[in-house]
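Chains here go by letter, A, B, C and D, matching the order in which they are written, and residues are numbered from 1 within each.
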Amino acid sequence: MFFASDNSGPVHPEVLDLMAQSNTGFAMAYGADPMMDEVRTRLRDVFEAPEASIHLVATGTAANSLALATLCQPYETVFCSPVAHIHEDECNAPEFYTGGAKLTLVAGGDKMTPEALSASIAGEGVRGVHGPQRGPVSITQVTERGSVYTLNELRDLCSVAKGYDLPVHLDGARFANAMVVLGCTPAEMTWKAGVDAVSFGGTKNGLMGVEAVIFFDPAHAWEFELRRKRGAHLFSKHRYLSAQMAGYLRDDLWIRSARAANANAARLADGLRAKGAEFLHHPDANMIFVAFPRFRHQALFAKGAMYNLWGGKLEGDPDEMLACRLVCDWSISHDQIDAFLDMI
Amino acid sequence: MFFASDNSGPVHPEVLDLMAQSNTGFAMAYGADPMMDEVRTRLRDVFEAPEASIHLVATGTAANSLALATLCQPYETVFCSPVAHIHEDECNAPEFYTGGAKLTLVAGGDKMTPEALSASIAGEGVRGVHGPQRGPVSITQVTERGSVYTLNELRDLCSVAKGYDLPVHLDGARFANAMVVLGCTPAEMTWKAGVDAVSFGGTKNGLMGVEAVIFFDPAHAWEFELRRKRGAHLFSKHRYLSAQMAGYLRDDLWIRSARAANANAARLADGLRAKGAEFLHHPDANMIFVAFPRFRHQALFAKGAMYNLWGGKLEGDPDEMLACRLVCDWSISHDQIDAFLDMI
Amino acid sequence: MFFASDNSGPVHPEVLDLMAQSNTGFAMAYGADPMMDEVRTRLRDVFEAPEASIHLVATGTAANSLALATLCQPYETVFCSPVAHIHEDECNAPEFYTGGAKLTLVAGGDKMTPEALSASIAGEGVRGVHGPQRGPVSITQVTERGSVYTLNELRDLCSVAKGYDLPVHLDGARFANAMVVLGCTPAEMTWKAGVDAVSFGGTKNGLMGVEAVIFFDPAHAWEFELRRKRGAHLFSKHRYLSAQMAGYLRDDLWIRSARAANANAARLADGLRAKGAEFLHHPDANMIFVAFPRFRHQALFAKGAMYNLWGGKLEGDPDEMLACRLVCDWSISHDQIDAFLDMI
Amino acid sequence: MFFASDNSGPVHPEVLDLMAQSNTGFAMAYGADPMMDEVRTRLRDVFEAPEASIHLVATGTAANSLALATLCQPYETVFCSPVAHIHEDECNAPEFYTGGAKLTLVAGGDKMTPEALSASIAGEGVRGVHGPQRGPVSITQVTERGSVYTLNELRDLCSVAKGYDLPVHLDGARFANAMVVLGCTPAEMTWKAGVDAVSFGGTKNGLMGVEAVIFFDPAHAWEFELRRKRGAHLFSKHRYLSAQMAGYLRDDLWIRSARAANANAARLADGLRAKGAEFLHHPDANMIFVAFPRFRHQALFAKGAMYNLWGGKLEGDPDEMLACRLVCDWSISHDQIDAFLDMI
């Protein structure tokens, strides 16, 4: 009954098998391993982007920070949601990697609206050399509150950015979870909508620790490679990163896993709804935000359930409503979900 | 016949097995996994340092850069060998992580001498605020040319550093290979000699990608943790890093592997010596630098041997002597070594 | 009729005279000039802080950025007003100098309230290593909207910071203008209230370009000196900075000038009030924010008045109300103020 | 008898007069003052470079660091002399401003030779992403040991840089002193030789604190302006910087002052030679490096002479030869020089 995060689940057996298969003899280091060719070819196919540059790193923060550093000058500012992972959960990594760029928090909630983004961009860059210059827009899909931008919403945000000639980065730590919700192609959710660079997540969807950074304009490739090495994110035994991503793409494992995770969340949400739970956000993908009275949380924790309270403490008035976040990994069984629901 | 680097060999099966065993259910993320407790306990035992702070990262450059950033202010300079990995092979990562500190190259060759180190330190920090201030000393053991500092040499270098109240970092990418040569304990090669922080390498000795950073003074622990996260080097699925390091330490695998690698190199060196090869450096551990006439390299490459030329090109005067580096992994079989020798 | 900024006025003749008097023969460079001793002694007297460390730089942005960099680690965040100069008008200089720290904008308007500051600090630093750590609080006095914090307000803000063991920086670009409003001592407005470091402005109050950075705890002195040099803000011909600050302090010129500037603003505000102008903020010191119909601005600009519109353009609907900022330098004559008022 | 440095002399009266004349009423801030137009026009004329972008800063370290940061990526390395000011006397400012680029010290002495520069460049950038990439070449003219590169030498160095497609920066802290030695035009010593960016020094030649940064390709202008502001080196009361540089250029003051300084040094050198002094470097411009027995230094210091010992201490064996540096400012009188010589 572990709903704390999809970053804590196991590696999918198909991935681990491929890693083990790769474990024979020597392989060229630093990305020159043969399986990286497969990864490059498949990702270009999947994204219908034959020119795209493809790079693997091991953490989502590395993917985001290095992608942004490649797109952003140190005297610029990145536009993002006030609850974006790059703002709240990366301990200043984007500021570090960009050499001290700023993050401008677009007013509003979790999801940026085109109007708010437009106002935010319009408000920066008006002070000549005195203020930060306008830099990239970073969109999180699935958002940190479990919402999925529609294709129209993505296109509208990108369109605002393009109107100011600004590049767009997509933090796709849960890329697959969003895509299966939208029923669209990877290209539709990225470059066809106006996205320039993607952090294509794998770790939260059954890998051990691999994210691909994809630039649709390969002019960024060499700079990214240098920044990755300088950031100490180039792996010598890169073949094990390649094997993870190759396994992820083979037989559509990435889509199967995302579907499983989303279906798990839907089952859990249905159960919670049936029990009258109060939802804070609509659970679009595999994250659910609900509020229970505190005594219920206390009971659940006592019985061994694992999840994160969201802005409150376990001790206190037993009847006070207290929010929590429940994240469903691909690997959770229906039995576990049902057992959890039974405990409520 | 792969002698290009020990960073290109396979993961030791005992390690991969332990990783696979760890692949069940959920585990707390970000280093709170139970096996990290084992790692911490064992490394403290191994180093006879019950207070030491222990941290895992996935690349050697991350270990070195983060350790140095924790010990060094941005207005200081790091003293190191002119051929140190941190200088030549990390694409300015130490400069990046320290916020722009300098590296002062101690005059001389591969191995620093106490006299040269002393002269180098004496020469810096004499210009008040105008020059960089004196910062940490970084020692590479095994050196980049395959030499091993004796315990006396290490103590003397540390003693010079301590005379100036400077901290000492040990880049131990090949820590185990050096230790088995010296026949000493980990403590003797580190804190007993005067070392403050160690990059304790695993990747080049049979792991997939894990290095431990060890501070003997735990006061550095929290700053390191923050710098690691900010550098995007904190893994969510940390249990797979823990499993690697746990497997490395169980049953002395790290020592067995280092002994195997060194023995492989000794066998190769003996064979080369018998064939009259010209050694550039004494092969103390698992790296050999020899020169052959170019036609020999051409023949070896034609037959599929893999290794790095050292400062020359494969095309040119066939009789010219050309240096190369041969690195022996723990995994190379005696047959492969003998087959290579037969080709000469 | 120049009300654009107090950073555009002339140097006070007493200051220029002292600079000219200093212009004989040689003087020790880099702050070892004799007049710096006078500056140090006088500032310590003025602030009743015999141990304070005193440093001169030439721009307000340098004073703020270097002071903050000395107080802040790169993985921390600085708490400040959303309209703070360090956020809006320094082109990411604080981020640059701190090595990539973040600025957390305290909710609300120009002036921070203790409640909002407390909520903001409470909201950061709760995510372990994942979010930025809590860093210094930076207070702007006079604020960017012309308000002056009372001593009680300052004490309350500092008290919130101290409750979290955070240092407090005061951006005193218009320090003197605030102090004469409060009728307090420099000590009361700084260390007695809980301030740890001050940017003590001179440039906006009749100097050519000098600000003093004052740390009440001299333990920061040497680090600041190194950061100043590394930031290229250490002047060889430092005697001309010393002469400016010495002239500023002699015969209370700094207080006389601030009184003159504030009196000029009061005269202008009275005149505007008499004409029914609409004030956006109460003009506590020497800055006035008022709104006129656009046609009035157009007429004023046509007649040669110089000031900044605040968030609007000169072209458009003539009857629309449009805000502007009017800043009074010490050097503006009553005739100029009256002539301006007559034009309205 | 002050020969410690030309950074400690007075401001030339013609410059101070123009600063005083500029001290009337208001002037647009941040470089929009009218006298900056004069500076821009004159410098473009002087350099025969009608498109050049011209920027003023107040310190030589700022000029060098900001110019290099504009030309250099953080994953690159700057090639310079081992005794370059940017390496020895700027407390890591170039590393700070470039975001952590490296400085590669070209083997040899004070002056770089084309051969050594070529070897140094050839030796870097050969490790793919692992080592730093090749970045700008920085040449110091006059060198830190008082030598002047001939035009042929400059052209040859630039030609080496151009062969690798690398930009060239000239640290001209003593630009005028070198130019009058060579009897050439500013254009010949810069862009006609292959220089891309110049730190055009004024402070060491009679200004209070102003250096111009000149890019012959104006494409760098906007980035430089942003980096200058972000570095806190943009002055609000910029008119006093403009006045200094305008005064410097009017009536060829800069050339007159440099001639005076060089003539002073020649007079001093002749006198020293007549007394049998031992020269360490040929005194091309206004810096002299000679060795005396220690007892002579002791006597000179006792009589009030001011200059820097170069690598030794005043106490010790009285007969030991001890080097010193004697720098002649434009302002030293012949009487002072002769009095100094008489004391020997």
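Keep in mind that, in the parts below, a residue touches a chain if its C-beta (ideal position, glycine included) is under 8 Å from a C-beta of that chain, and two chains touch if they have at least 3 such contacts.
The structure displayed is predicted, hence computed values, not measured ones.
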Checklist line | Contact distance in steps, from chain A to chain D | finding: 1
Checklist line | Relative to chain B, chain with the most remote C-alpha centre | finding: C
Next item on the list: Can you check how far apart chain B and chain C are, centre to centre, with Cα atoms defining each centre and the answer in Å?
Entry: 50
Checklist line | Centre-of-Cα separation between chain C and chain A, whole angstrom | finding: 41
Check: How far is the middle of chain C from the middle of chain D, if each middle is the mean of its Cα atoms, in Å?
Finding: 34
Next item on the list: Among the residues of chain C, pick out those that touch two or more other chains and give their numbers.
Entry: 74-75, 90-92, 96, 99-100, 129-130, 133, 226, 229-230, 234
Next item on the list: Enumerate the contact residues on chain B facing chain A in the complex.
Entry: 2, 4-5, 7-11, 13, 16, 19-20, 23-29, 57-62, 65-66, 90-93, 96-97, 203-204, 208-209, 226, 229-237, 240, 306, 329, 331
Check: Inside the complex, what are the residues of chain D that reach chain A?
Finding: 30, 73-75, 99-100, 129-130, 133, 223, 225-230, 234
Check: Given the complex with chain B, which residues does chain D contribute to the contact?
Finding: 74-77, 88-92, 95-96, 98-103, 105, 127, 129-133
